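Shared between the two complexes below is chain A, which has chain B as its partner in the first and chain C in the second.
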Partner chain A sequence: MTLTSTRPDPSATHTGTAFARRASASQTSTRLLAGPPAVAGAESLFDHRARLGPLPGRVATQLIPVLERSGLLGRGGAGFPVGRKWRSVAERSEGRAVVLVNGAEGEPLSRKDRNLMAFRPHLVIDGAVLAAAAVGADAIVLYVGAEHASARAALTRAVAERTRELAVPIQLVAAPVGYVSGEESAAVHFVNAGDPRPTNVPPRPHERGVHGRPTLVQNVESLAHAALIARHGDAWYRQAGLGDTPGTALLTVAGAVTQPGVREIQIGTPLGEVAAGAGATREGTRGILLGGYFGGWAGVDEAWNLPLDPAVMRPRGFAFGCGVVSFLSPAECGVMATGRILDFMARSSAGQCGPCVFGLRAIADATHRLATGTPDPDDLARLERWSGEIAERGACRHPDGAVGFLRSGLRVFGDDFVRHQARRGCEARARTGTN
Partner chain B sequence: MNFLWYAARGAGVVSLILLSAVLVLGIVTSVRWSSAALPRFVTAQLHRNLALLSLAFLGIHIVTAVVDPYTSLGWLTVVIPFSSDYRQLWLGLGVVSVDLALAVVVTSLLRDRVGYRVWRTVHWLAYGAWPFAVLHGLGTGTDAFAPWMLVIQGLCVAAVVAAVWWRMSVGHAGQQVSASSTLAAQQLDTDAR
Partner chain C sequence: MEAELVIDRIACDGYGMCAELLPEIVGLDDWGYPIVRPGPIPDSLLGHARSAVEVCPVLAVRLRQAGAAGTRR
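Moving on to the complex of A and B:
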């Protein structure tokens, strides 16, 4: 019995494998990860500029329409159009907005943000500098997970390299460890008051954020894409992408694969292709977690040919989210894996809202009882009821994400849940012969 | 994580301080100044020992900078001025400084072999090595414009400028009666009475 199936092996070089393979990928699918391999460490300002050229200064003020035309979507999970977000801050900024660069990456399975910061710090800073110029900001805050040591070291050094040329001061803030501290209102709350709990919205950060000023909260990958779009244009950006959503995206591939790690794909690449590249097989997969803990489970048959494109996934009830694709091995129990993640979500509650604190705890406990073969008679029925009752009752969307995840588990592993409720044993255990 | 970076920065700062001290002591030695507390053999010995110490810190500074993958410097760029693509000018000034300092050190160690005149001529290069080192630090030092580093640089420059100015006003050692010989003359004077 293993509870850590979908958790990536911390010893596996997530960074190494993915970045090293970059060389074999075609130009259209390798953009953020182009350049020297991960073993070279953080790219210096000199190497960065030698490879990509200087930031075009003129473009900054005209960048917002370019970003809007590019179709770039935010990569923190929500997928909000980047150009529109910048415009909404620019309209309110009066030159005193704040750019909050979100590198908290509290999603347990995700590695892409910390790797991007650790190996391409200047691409991220380029994006932040451009954003500050475009929206009219006079401060940049790099909000980086306290546990992402390599990322913070690389950014510290990268900022030091640029201090003499920065028009806008950059401050590095360690985001407290925790799933919710990367939520945008939580990030603003922490920078303002040292309290990483989400706040009621509105006002949204783009209206009143850091120090009460209009604040652009943007994920690090989104900013890195913006830095390339500023150099190459929106038409260039749209050359990549196999379906409706243009561009490339970073994925974190985890779980029952031979080569876990961060890789860059053209948006719209079928899941099966990503699986093949990472060494996962259809037979060797019980289910796939898409979009991280805020996303949900997908069955093998429905997902194998699914294009990894938010425009296709969302209508079908799947989440691209933060780009996590995690494969659950057939040797593992779907109920157990669901219960483990729900327990994490319950523990990650900021503890502010009743439905989140008590609702998620009750859901996690009921799932745990089912998973361990000791269910109350009506646990499954209660789970089904609760899964529809908790959404939209918190200050932030944490409980919504958790019950959405529960619903995906009930759908994809429905038979297993029924089997566990009836105490008829577990398919995973039956197959592997363990008790 | 950034250990090599910190080491290179720290060793660079210490090297600058030591080099400035060595230069000041060298000037003091060259005019044969001494006092009761600092007789000439002390300043001369201190000059020599601090010079070797600064060489050690320069070594740390250079090795950590080269080994650090971030800078991607080759070993040759350490001796050949302006041969690195990375911060060509500012790094090159540091390399010039090191080359000059090396010439001074090598001729000093081989003073018996090269002879006094060669040694003395080469030793003048020390006046060149130091300003290159200061410019190198100002141009590429991470901390160059941090308040504390500005203070350190200011003190180093002030000390060296003061020493040079003093030396020029005092003139060559050969032409000058040093403080101690004046004292000795006074003593002779009193003896004569």
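Moving on to the complex of A and C:
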């Protein structure tokens, strides 16, 4: 998947194609990705300031209430209100807090964080600098996936461009490759002790994090939005958004589409519109993965008109998560696709908690047997039972995410699971003429 | 005080002593790890619950006030 400016799609009124210069009509949907196209590479400090102006002075102390009014939600996956998170750190900081900028992006289908860091490094750093001033931090840690080479190079250069003006030192730390190393307690654990495994909570990072200090762990996209809100205000932020949740969001569109990649939408844009902009069709889609591996499957009929807005999605059992929208082709088997992701989730366990270590392995193996037409007689029944037994029994939420994903597979591809259990063959294979 | 049982999931190695002492509250999954029924422990079982805390070989079981925020079962 590449991040390229693609030909403009006149139907995509609520979506901004990645980093392309867009007409004024789309200005409410293209904010983080406004400015020069991705081919121009990382935006320099000079260009960044020429385009957006300097960070406004004396904003830091007033920024928390502004963020609270803006309605900005965290973009790492959990969707926690950003202003409230900053306040909880500020209340404890005594000027000694730490800002941990989370650019681990271990979600396999997600690309938006690394692209944002690679092409708009100064927007991310602006957000981190503002956060440090607002919560009372004297250190900033950029925690960036070791495999995200261009993101790390861009941030390294960007920090060097600002060396003389930084009030708070910035340290770049390479996050170990792995799904769980971006979990916030794991990130803190790695910075403190070189061990990227989650820890028991409480204490949560905002209480006791890096070096035992109150720590704000914030996703890079959330910080970039905060940097724009500091300049333009909360009312400006709320001008975007088509439903209950204001603002814009980065998506990573993947799978059975002709134009995969990162794009920015107004929150509340219907899924079908994103599909159209990426070249996915209803007939050409068996199911849609929403929110990444920590989210779940949605059926085509229930999802096509679904507004991509956490306030709408959550009550209906869907996840906005980290903004992954991936289309499964009808040529692919839902059971197989579910099994592949469950296998990844099992392999990604940090290996600390029994229900996660053994439960996720068992779930992945049973799904694999079903997918490959060699099920044990009670595999499907056991999957259904396990799907209700494992959640909330780990130190972190990794097992919760895995069984939530399994439940979505059992629901959306239920007929296929039954058919595979009964050894009646696979609909996808029958359809494509393979055995 | 209304008490509930909490398992340290990282420390727990699935010895299963808690389930043996307190089957009314603790079951075991297919791999021998505890499944704790949520909610306060009835007074009549508190003695057994304290025993479960004491006998766990890896100190993974503790009692805390029921409904305490921010922790997991």
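One rule holds for everything that comes next: the second predicted complex is superposed on the first by the 412 of 435 C-alpha atoms of A that agree within 3 Å, B and C clash if a C-alpha of one lies under 4 Å from a C-alpha of the other, contacts with A are read in each partner's own complex, and residues count from 1 in each chain.
By definition in this document, a residue touches a chain if its C-beta (ideal position, glycine included) is under 8 Å from a C-beta of that chain, and two chains touch if they have at least 3 such contacts.
Quick caveat: nothing in here was measured; it's all calculated off a predicted structure.
Undergrad: Clash or fit: chain B and chain C on chain A?
TA: Partners fit side by side after overlay.
Undergrad: Once the structures are superposed on A, label A:160 by its partner contacts, choosing first (chain B), second (chain C), both or neither.
TA: first
Undergrad: Which of the two partners, first being chain B and second being chain C, lies in contact with A:393: first, second, both, or neither?
TA: second
Undergrad: Answer with first, second, both or neither: which of chain B and chain C does A:259 touch in the superposed model?
TA: Neither partner.
Undergrad: If you stack the two complexes on chain A, which partner ends up touching A:204: first (chain B), second (chain C), both, or neither?
TA: Second partner only, chain C.
Undergrad: Count the residues of chain A touched by chain B and by chain C, then name the partner with the higher count.
TA: Partner touching more chain A residues in the overlay: C.
Undergrad: A:372 in the overlay: touching chain B, chain C, both, or neither? Say first, second, both or neither.
TA: The answer is neither, since A:372 touches no partner chain.
Undergrad: Report for A:352: first if it touches chain B alone, second if chain C alone, otherwise both or neither.
TA: Touch partner of A:352: chain C, not chain B.
Undergrad: Working from the superposed arrangement, determine the closest approach of chain B to chain C, counting only CA atoms, in whole Å.
TA: Closest C-alpha pair between chain B and chain C: 40 Å.
Undergrad: Go through chain A and flag every residue that touches chain B in one model and chain C in the other.
TA: On chain A, no residue contacts both chain B in one structure and chain C in the other.
Undergrad: Could you list, by residue number, the parts of chain A that touch chain C in their complex?
TA: Contact set of chain A toward chain C: 199-202, 204, 352-355, 358-359, 362, 382, 386, 389-390, 392-395.
Undergrad: Touching chain A in the complex: which residues of chain B?
TA: These residues of chain B touch chain A: 1-2, 5, 69-72, 85-87, 142, 145.
Undergrad: Which residues of chain C touch chain A in their complex?
TA: 7-10, 12-14, 29-33, 35, 70-73
Undergrad: Considering the complex alone, what residue numbers of chain A touch chain B?
TA: Those residues of chain A that touch chain B are 40-42, 44, 46-47, 50, 149-150, 153, 156-157, 160-161, 163-164.
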